[in-house]
């Protein structure tokens, strides 16, 4: 990555007259003391960020490797006297995958649809502006507020079929509820990414398609969206990252348990999905010293697995970026 | 590091006999005239007579500039004198802009650029001078007017503040700002509202503001990279008048692809083609009696 | 590859009009959802505001006791208790988010300038993934590390015994503190700002930067006086985003800042950074178990309403600031 100014060189000492010319570089006379201090601060902070990141990674790596036993990934949590007897967190792991899948199943199509509407249609323009503001606002709403909203929606009797209902009282916590609210968390990221992708396609591509008689819908479906696959993938993975990392919505809408608690008398898989459960984030929250369980070893293990998942998503985004850069761009 | 030599300014005992070119230039036949004898240029030259004096300011000595594999400038030698306007002409891609940018070491911003040969400012090799200090003595005006997104006053004050060592109050800077604007011929037009956003000025005014900015640094050499190519004829005229008036104070080097412009303002002209300096001569000699065949072809419009 | 679909075949089923209407319906649904959210939150919050009036925002009594009373009142059945004076929580939010945003702003600005202009290429190639990594770590992991590393460090090594003794009767200093919260929150929000600031810096017109250099201004001052100045709208946008994130951060702060609704008082001297506290968002998480009881429900929703208002205010301030910045230029 080339900076917009020269590749920097460290400040050189002023050349002495009579010596062989070495090419005076910037920094000796025209940089005031405050400038130099500023550059020193830059270096210090840059290195500090690297150090913090390294510390986090190393710490979790060490603790995770120490305490993570493969059995934890497949054993559900259980009651026990000492921490070693309490099993693993397989329910949490599966729970994370469930909410991720369900959340993205809602967010991805909706996000693509909204992005397409904003870029390709967008009439009346007042509605377009409102929609943009809405998406931005949703991105800015704290997830705890979304969670509270979710309790209201999903406790209403109309939506009682989505969660456990006992004697007419809707419990309101279930995978359905959590996934629905989590999709809102991922939605703005998908919309932003797909919009960027669609906007980067020049007009003449669309015009070429209309000129042979295709509708906007067909053009979008057959030409524009396939071209945007990298951006769709990026948006999806960014959204997944947010969903996987969210805790507040899970704590409120999925319940503070360690295991699945399926609803009775309902066929699989609905019985699980309508019931409460847990995810990795919730598990770490509960297992940490400040949580209800206070099983720090399992907390480290679960945190390690969670971090690996997030890093994998990050790496995937990087790979997609690198590959799409190789393909080339439209001639403008 | 030793301070740069003081600016040598001769005091002129007799003011030059001013016979200003007041008539607007008549459109010249654009190049398909006879190739021998008569000059195709009938435009009236703006210069106030011949240069009264000339001091060698910069010496370009066998300079070649390479961008990676490509050689953009090949073994060019030229003098740059205060008291006269030097124009670099040539078709697109001939290396004139690259040569100009090497005079204030802007070519170093491109990582693949290599320069050989030497360029000297007042007999000091410019690679020995710190780039930032060099660029205060050799300032540049670009093709696209690029006033900063600040007020008119702040644009000029920016240059003055950044070169001073201590924070200066607005009042102290006012005289310098006003004088820079006057030298650029802009003061009358903006004096009532110096806090006006600079980006709201017209194109010609913006470019003159850029010239004023460049002059505020009190340079010894002023470099102009096609300053009028983005402007309308009216503004071009104003700026050309300005350029000619400046030549006594600063050495002016102007790159232009407009032959008429070069004819109007220049005292010496260097014609470049594909990186080579084909011919260097006084303006009247080069346009009316070009020595090289190539020069003749270019000046009469056989190619461009 | 599907057969070619001409206009006739696409005819009535997927016509542009129909698609547009469907997409428009989805868009309206989402907009409606947001409106429903806002309305719901305020409607559910109303009883708490109604019973407390403006005193909701003031201080008066121990906030923890009040919350307990509210929770118990629903069970006792004697009558609902609504009294709630949230000032300690508000003050904690202001302190923690305000300080973190300021610290993060300063450091993110330097790091962004560094990445875009002054870092050698190898450093840039390391720093950019580092920033992305820090931005994507889930908040619960920040909380976990804070709890097991930072809090004991502060509690055992930074706070002296005499300091603990000096406030023993009033509050216990355990390391769950303002300092821990500010530190971790700054590390959480700074990377967000760095990416936005870098994007802003990169989109400055190179003509301006080159022009400034060509006037003999050194690279450092060119970057700051011209580059950063032009990127000010991006800086404002990044700050607003980070502030909203900080205001809404519930889980990490619930783990680290301490579970006491206490107002750290700077007048206490330096010791106030060691005091535990609890901002607004974590309070919701900590009391979520009693959501079904009516008074607690209203109280929690009233806190949520205040959170929404704060995020909206931050956004509005950013918008106004960016409008004002347009005066001299066209960024």
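Letters A, B and C mark the chains as written, and numbering starts fresh at 1 in each.
Quick note on the criterion: contacts are C-beta pairs under 8 Å (C-beta built on N, C-alpha and C of every residue); 3 or more make two chains touch, one makes a residue touch a chain.
From a predicted model like this one, the values you see are computed outputs, not experimental measurements.
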item: Most widely separated chain from chain C, with each centre as the mean of CA atoms; value: B
item: By number of C-beta contact pairs, the top two chains; value: A-C
item: Intercentroid distance (Cα basis), chain C paired with chain B, Å; value: 53
item: Centroid spacing, where centroids are CA-atom means, of chain A and chain C in whole angstrom; value: 16
item: Where chain B touches two or more other chains, by residue; value: 109, 132-133
item: Contacts with two or more other chains, residues of chain A listed in rising order; value: 5-7, 26-27, 30
item: Where chain C touches two or more other chains at once, by residue number; value: 213, 216, 218, 221
item: Chain C residues touching chain A - in the complex, by the definition given at the top; value: 5-7, 10, 14-16, 19-20, 23-24, 26-28, 30-31, 33-34, 36-37, 40-41, 44, 107, 110-111, 113-121, 123-134, 136-141, 143-145, 147-149, 187, 190-191, 202, 204, 206, 209, 213, 216, 218-224, 241, 244, 247-251, 254-255, 281, 284-285, 288-289, 291, 300-301, 304, 307-308, 311-312, 315
item: Complex contact set, residues of chain C against chain B; value: 205, 207-208, 210-218, 221, 225-226, 229-230, 327-331
item: Contact footprint of chain B on chain A as seen in their complex; value: 2, 5-7, 14-15, 17, 21, 23-30, 32
item: In the complex with chain C, residue positions of chain B that touch it; value: 104, 106, 109, 132-137, 139-140, 142, 144, 146, 148-151, 158-159, 162-163, 197-199, 210, 213-214, 217
item: Contacting residues of chain B [partner chain A, same complex]; value: 1-2, 108-109, 111, 125, 127-133, 165
